[in-house]
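First chain A sits with chain B, and in the next complex the same chain sits with chain C.
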Partner chain A sequence: MSTTPTESLNTGLNIQTMAEADDVLGRRKYIGMSVLRTEDPVFLTGRGKYTDDVHLPGMLHAAFLRSPYPHAKILSIDKTRALALDGVHAVYTEADFEPILGHFVTTVHREEVLTVDRPIMDSTVARYVGQPIAVVLADSRYLAEDGVDLIDIQWEPLEPVMDAEKALEPDSTLVREDLGTNNFAHIEFQRGDTEGLFEGAAHVFSKRFHHGRFMAAPLEPRGVIADWDVASDELVVWSSTQIPHLIRTFTAGPLGIAESKMRVIADHVGGGFGMKAHVFDEEALIPASSKLSGKPIKWIEDRYENLAASLHSKEMIIYLEAAVDKDGKFLAFKGHYIGVGGAWPAHPWTSLIDTLPAASLLPSIYDIQAVSTQIDAPLTNRCPSGAYRGVGWTPGHVARETFIDDIAREMEIDPAEIRLMNSIPDEPFVSVTGMKYDGGSYSASLRKTLEMIDYEGLRKKQAELLKEGRYLGIGISPYVEPTAWGSEVAKANGFAAEFFDAANVTVEPDGSITVTTGCHNHGQAHYTTLAQVAADTLGVSFESIRVIENDSSQAVYGTGTYASRTAVVAGGAIMRAGKEVREKIIRLAAHAMEVSPEDVDLADGIASVKGVPDKSMTMAELGFMSYYGGSSRVPGVEPALTSTRSYDPPETYSNGTIIAIVEVDVETGFVDLQHIACCEDCGTMLNPMVVDGQMVGAISHGIGGAMYEDLAYADNGQFLSASLMDYLYPSTTEVPHMEISHIETPSVVTEGGIKGMGESGNIAAGAACINAIADALSSFGKIEINKTPIGPSDVMDLIRGLRGAK
Partner chain B sequence: MSTNDQSAAATAEERIVRITVNGTAMSGIAEPRLLLHDFLRHELELTGTHAGCEHGVCGACTIRLNGEVVRSCIMFAVQADGASIETVEGMANNGVLHPIQVAFQEEHGLQCGFCTPGMLMATQTLLEENPDPSEDEIREYLSGNICRCTGYVGIVASVKSAAKKLSVIQSNANGKA
Partner chain C sequence: MKPAAFKYVRAATVPEAASLLAEYGDEAKVLAGGQSLIPMMSMRLARPEVLVDIARIPGLNEIEANGVLTIGATTTQSAVIRSDVVSAFAPIIGVALGHVGHVGNRSRGTFGGTVAHADPASEMPAVLLALDAEIIATGPSGQRTIAVEDFFVTTFETALADDEVLTSIRLLAPTGNACWSFNEVARRHGDYALVGVAATAELDGAGKVTKARIALSGVSDTPVRVKEAEESLIGKTLSDGAKVAGEIVSSSIDPPGDFHATKQYRIEVAGAIVTRALNEMADQKGTR
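Up next, the complex of A and B:
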């Protein structure tokens, strides 16, 4: 197989020019402050406007008939009884959409990756439980669901493909006959003399790890409203999405409408966590239904649909090998990542959004000399799999960090010590897979977290408790999080993409400032944190800034918010645009006050002449002058105080360490997660309160994935986690108190030294929990945990296994 | 019976439901199967109360009915006829935030805001029943309200802060009386 695509990535030559707006931090007043969120009062008073809160006159409600079978041929669909129900207006299947709706064509632009071309509604073959087969439009959701129950379908069940490894065998049943294989992609990556290092190593270790299937499961499920005005041929879509502009770009083609005539509004979104950074079938089917019916259509996902048929993530079978010298120094790693995909690749990221990042981040903070990875991407008869907070870095991390604990126990080295002795230095570093870390606290954060829990004291306490028959465990998990998904970090993770994001900064006639970006605010406090950036960049008050996102017709184009990108990408674009606007304001003020621009300072919204405190102008005066000032404006200079700038940042990586402390009840298998300590480093912090909030929120996801949340399928393909009584969210009683500390190592490459953050809790907390459980049980014998989630019955199985082995 | 007849029969079963919401008498039409949260949200246009799971697990639909915390997603609207209901919309006073709401903003007790109305209703009831709860008591009481964003750290801090704010207000009121 050719290695051309991977060789073209990570050449080390794609470092961008240094930051432009390097003077902003020198005058910072708001950046770094825990400014309270301006978003909050709307939500606290119940005035949020989530998708289901929008009501349009004449609107019909949609309900989908979804497949109860994991794999079945559909022999016939009879709509007669459904259409006869009073209040049902239409029933559409693939045949109805076919004349007006194109296909989704999904791939990743690498030669190793296949392309799936499929109708957006497939009413002929069901390939997972929950697949939409038909849609009913009715006067209410209740009536639409009645209509669904009255559709008569003849199914011919087929053998489901559920075992991902067997799906790769040549004689396997095919999930998609048109592909001729179940393997969507086979990708290999090789750097350094892996084989030689393995041959010469004092120790070689190996592990198979099956990471569980879990999902974002935001508290607000998905929802789409479409209003296709057949008179003007304009389309407005409301969707609970993180990527309003990308929804437009990816659906306008299949819908046959110009992007300029399509508006996507995602006003308030009740959590996304990456799941809502996809383009879902319903986001095309509901607009198409509006076009066919001539009515506005609303579809609100219910919890069953969300669990069964939105997007799953992170399930992966991972084979790891490590070559280690006699002292415990890591020499080389090998990894084989088999992503357990669904019936088709999630659009547009595909299931490779898990496996490629997992493989790319295999070295993490460890200074190894060589690496070999392989990826396979089998389709199975499950819900499609795609991006969720931490993407494949999570399963890759859990497998690697539990493996390192296994190695440490085997070699009788302390798990903190083996990590510190193998850590890269706390400075910019190019990993063996080519990732260009922009400086951090890779071992300093680990040392600080050990101090936070009094590691040595806790080890003594652990030994004391063991004498009393109590099983305390400490789990250590240092991480690196690739952030700020732009062209460079995408390439570093195996996705060859070139794109950018933008921000506009505009002074209004009254001197207030409007900032728009193409990112999306759904809980991360952009309207606060980006206003902090804009205020400091311009030298105006925080209160004078308004940030607008979440509407493709109100904000500049951009690819949305996902992959811990907005602080860096939108923050950087605002710094660049804001710097230009600041210069324009100063030039205008200098002209009006008849001094040279070098003599004007702009701070707190007042342009004053240096050394002449009473000679000054307010932003209100300058704003009005720019619009209506006639000859008092600067001759020959475009008067508008505005700038739109784009930013596509270099690779930037945050880092830190999470430690979990558990006590295991060996009689019941109950794991009492007592404490989480974390030291994180995301470079320049915009708002420490928000950083803490992202950290603890993501950690709770990691706890869920490690100990509670499981999207389970029976061997016959039936979906077993169809309600929140089966799919267990951690609540206040499962998530412990957490202690977060910070080291600030500004990025050496990004605007403002900002690094992204927000996913590392979900990347690293799960491994901390699993390592703590294994540590607690290590006195029973040679323990190795090789799956997630680990519930009480798994703990009991582990204990029984260890006792039996003695 | 034809399907049309069934539908006609359902219409004939529609009821007028009269409830007091946040002190105001309101009424609307509900067929017997209409869930209370749908009635509040879509019939009375009080969209502050949210639906997250529709089977009483997540707590996003939490309201207060005759002073008790209830799940509006597992109760029919017709069952609430004659009841007095409190929702998040009644908490702030003419734009002035309630001390519990202020605490949630100050302690970063919300991110996406979707669980927040239910969380506020549950917190209000907790603090009426137990004005000075310990962290364990707070965690136990709120364990039926799921938040997917905050990891609960900010929420627990918000409830503690709200308890302090309310006790100061209470002691000031006692001092005046």
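Up next, the complex of A and C:
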């Protein structure tokens, strides 16, 4: 994403300038209100337009032949029978694409990271179950799949590399011969006197944790339509993506087309959750197929493809050590994060999007003096791994917070108490890894959540139920969520990057206002929340604002929506641009009404002279005047009421606490997740209803990762979770009632005091569930949970182990 | 995830369906609610050349109680759950059907389908085994009655001949002081059970068991009765016999392991839920 060298990574000194638009909150009317989502009528009336709803004349349908083998050499491909089928138009393999399609070159700009350069379709070696080997174009998806069945391939199965730790050994079979190693990155980090603190500590604890592999599993799988007009050499791509501009930037090169001639539309997207913040092979292969065939091509991913071959996330083997003093005060942490990667690093973030953030956030809310981390990044014969809501903060958090519960039990300290006694203050704080927390409620949110569940009362109830042979468990999980992925928070998480996002605010001739941003709206209600920001910044009515995103040819350039960034990044850019436009409007109104600008107020879309209520102008009058007002406009001043501003925010962190309450049936291992309580703090809330929705959704994801969802592979590399019968996500029947409260600690560094949010539920809820299960079983003996997900069979294994140990 | 090409024929009568099945042999499959077959075809795990649709055959979706309870094969699972006749006659059926998928599945899925599909982890095969039901099959040469004990052959395979249609399921009237229980553990509501139990018993005036049937799902390639556990209950009250019966179940089954649950898990939990089912049973009267 940039060429910034490693030296510019987080130094702890790169604090940015403070906010410019510091007067917006003082006159807010919409920010902080639960304004109903203007997006909803479209969806509630069935008028959503997802990728599969787009139909183009003459369009062909694509189906991929995907490898059934985890690792195999392809000796020959015979297309004859497929091409003979009536309705099949073409079968393309690597050799067909080679003349017109470049490679994906994937890396993270750090000296420790190897670069992987690969053809976008590899038809010579299969490296995971589901890898695309060939694509068939036909009159319908049915016929395309019939064509796939008729391709004759000779495979030579090879030994699959499945054990990530063995993959790191020097004599391991290689997933990629060209790389010479399976480990594409070894990264070490050290701050403070870790070794000295461990040597002098009263207690040293350690834990190995294997976090499971799970995924976004959006309701709408991926889908790409490409229409390459060979006459004008213009390309339009519809893709179910969170990053339309980045798709253009990353595929235009390999496709050999100017970005100015390429348009990416991602209108309605049925769930992204970070998975769709990647650049997928199909997003280049379908446009290339359109170019080769001269036809528009549609590919809609099916559920098997989505589960086996889109993007997996979060699988990590983590070794933690803690040095603790005699009273339970944490002194230093060590962490070794082995990211269980796939056949190649996902483009463009690589699987380091899990391990680097996991290691960087090791201290979380805890005031420790030193930290050492190591990262390894083995490739294995699995689906590539990358970002999903909460990225590697999730596995890192589950490992750390379950470890802290282990330590608390061992030292006989209450799990809430050990956290409070080790928490950083609620003021701005620089963590030992260099993260610059911008003030929050790190312990206040924990105290508030304990109050919400009547913690002391619940502990008494737990003891009483135990006498009846009932096993109640309480799991506590306080979190910090790094948000607003821009240059600074990227660096704080180990990614060298310098980039920005922008917004344009323009007054139209009728006084209505168009706002565009380079972020992407796929469920977050930007058309509502960002309109709230724009309306308050300008001093106009909410209804007069229209926000446009999701189309690279309609919106200003930007890197899309992911990593809890848009409220801060696009909100801040709108505040900056809107402030300039507000000043232009006031200057125009002042000139027209023959007063000085300081005497003009703009509120509710009416510019009025202070103290003279009947002397005013409407936005309709001012908008028309700005375009067609001739000499009544301000002489010598650019007339357009418009501004485009960028914003690359400082680091900002939301925080909160999630507590889960479970009852475990110790005869069947069934876990009844009875209640979730949460107190979150994302600074200035734009729309509390939307904040609540983000918490509920993300907590549900976290429950899935902890208790249900598992992208399982057999030891021989076969993929076991190939349908929703085996990949189990929690549904309305499994997700319990949630109680969500808020503390609002505005950021001291961002525009409007806004912090990002949206991922913390998936970062913290899983640890709350696992800790609750362990707490429920703690009366059986020295319980330690060291993997996710935990299903009933795992619970019975734990109980059997504890009974056997007695 | 689109099915391979197939021919679709809608049968107007049972004899027509039987003759179509006779014509196409094992290349044909019967389609009713399609809740299992169509997904398997979409994943190309099943590739029948012909689908014989029996869903609109008149009279095949009726429920009758006339000393004997007869449930027509194409009665939807939802209709069975809603049926007062069924819940009066054999309440275990409606309770167990509530665990079959979700409302949408049960609105289309048929009672006969969930039996003829013969998934050993599904609910109805075990329930019918516990109820000692009869399966009525119709072929070109007429109707025959198959005892439930003989019906389930292995996973997805039954005693139905290629040219036979399952047309109804029949239950005899309860006798004496009967009671029942259904219990299962699934990862999520509506999933196939990791292990499940359907149990019925008849009690004498003193509350002692005179007859018992214990059927398990999810522990073999068919639903399984554990006769030794049933016999252990005879002459005891349910609560006196529950624990030992559960232990016998655990020691006599040989279930599979998969990544949702180990073999050991199924052994332990089958016994635990049998004990639990027997303890709950005394309160649940209304069938044999």
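The definition used in the following text is that the second predicted complex is superposed on the first by the 798 of 806 C-alpha atoms of A that agree within 3 Å, B and C clash if a C-alpha of one lies under 4 Å from a C-alpha of the other, contacts with A are read in each partner's own complex, and residues count from 1 in each chain.
The definition used in the following text is that a contact is a pair of C-beta atoms (placed from the backbone, for glycine too) under 8 Å apart; a residue touches a chain by one contact, two chains touch by 3 or more.
Owing to the predicted nature of the structure, the values given are computational and were not obtained by experimental measurement.
J.: Is A:R303 in contact with chain B, with chain C, with both, or with neither (first, second, both, neither)?
T.: Both: A:R303 reaches chain B and chain C.
J.: Let me test your reading of the model: by the given contact rule, A:T668 touches which partner, first (chain B), second (chain C), both or neither?
T.: second
J.: Mind working out whether A:H55 is in touch with chain B, chain C, both or neither, as first, second, both or neither?
T.: A:H55: touches chain B, not chain C.
J.: For A:S793, is the partner it touches chain B (first), chain C (second), both, or none of the two (neither)?
T.: After superposition on chain A, A:S793 lies in contact with chain C alone.
J.: Applying the touch criterion given at the start, work out whether A:D152 contacts chain B, chain C, both or neither, answering first, second, both or neither.
T.: Touch status of A:D152: no partner.
J.: Which of the two partners, first being chain B and second being chain C, lies in contact with A:V42: first, second, both, or neither?
T.: First partner only, chain B.
J.: Is A:T733 contacted by the first partner chain B, the second partner chain C, both or neither?
T.: both
J.: By residue count, which of the two partners contacts chain A more extensively, chain B or chain C?
T.: Of chain B and chain C, the partner in contact with more residues of chain A is B.
J.: Just to be sure I read the superposition right, which of the two partners does A:D117 touch: chain B = first, chain C = second, or both, or neither?
T.: Neither chain B nor chain C is touched by A:D117.
J.: Please indicate which partner A:S723 is in contact with in the superposed arrangement: first for chain B, second for chain C, both, or neither.
T.: both
J.: Residue by residue on chain A, keep only those touching chain B in one complex and chain C in the other, then list them.
T.: Dual-contact residues (chain A): 142, 302-303, 723, 725, 731, 733.
J.: So in the complex, which bits of chain A are touching chain C?
T.: The contact residues of chain A facing chain C are 141-142, 145-146, 149, 302-304, 667-670, 708, 710, 712, 720, 723, 725-726, 728, 730-731, 733-734, 791-793, 796-797, 800.
J.: List the residues on chain A that touch chain B in their complex, please.
T.: Its residues touching chain B are 36-37, 39-50, 52-53, 55, 81, 84-87, 142-143, 150, 216-221, 268-273, 302-303, 522-525, 689-690, 692-693, 696-701, 723-725, 729, 731-733, 735, 737-738, 761.
J.: Of all residues in chain C, which touch chain A in the complex?
T.: The touching residues are 1-5, 39, 43-44, 185, 187-192, 194, 259-262, 264-265, 268-269, 272-273, 276.
J.: Report the residues of chain B in contact with chain A in the complex, numbered from low to high.
T.: 2-4, 7-8, 31, 33-34, 41-42, 45-55, 57-58, 60, 87-89, 91-92, 97, 101, 104-106, 108, 110-117, 120, 135, 138-140, 142-156
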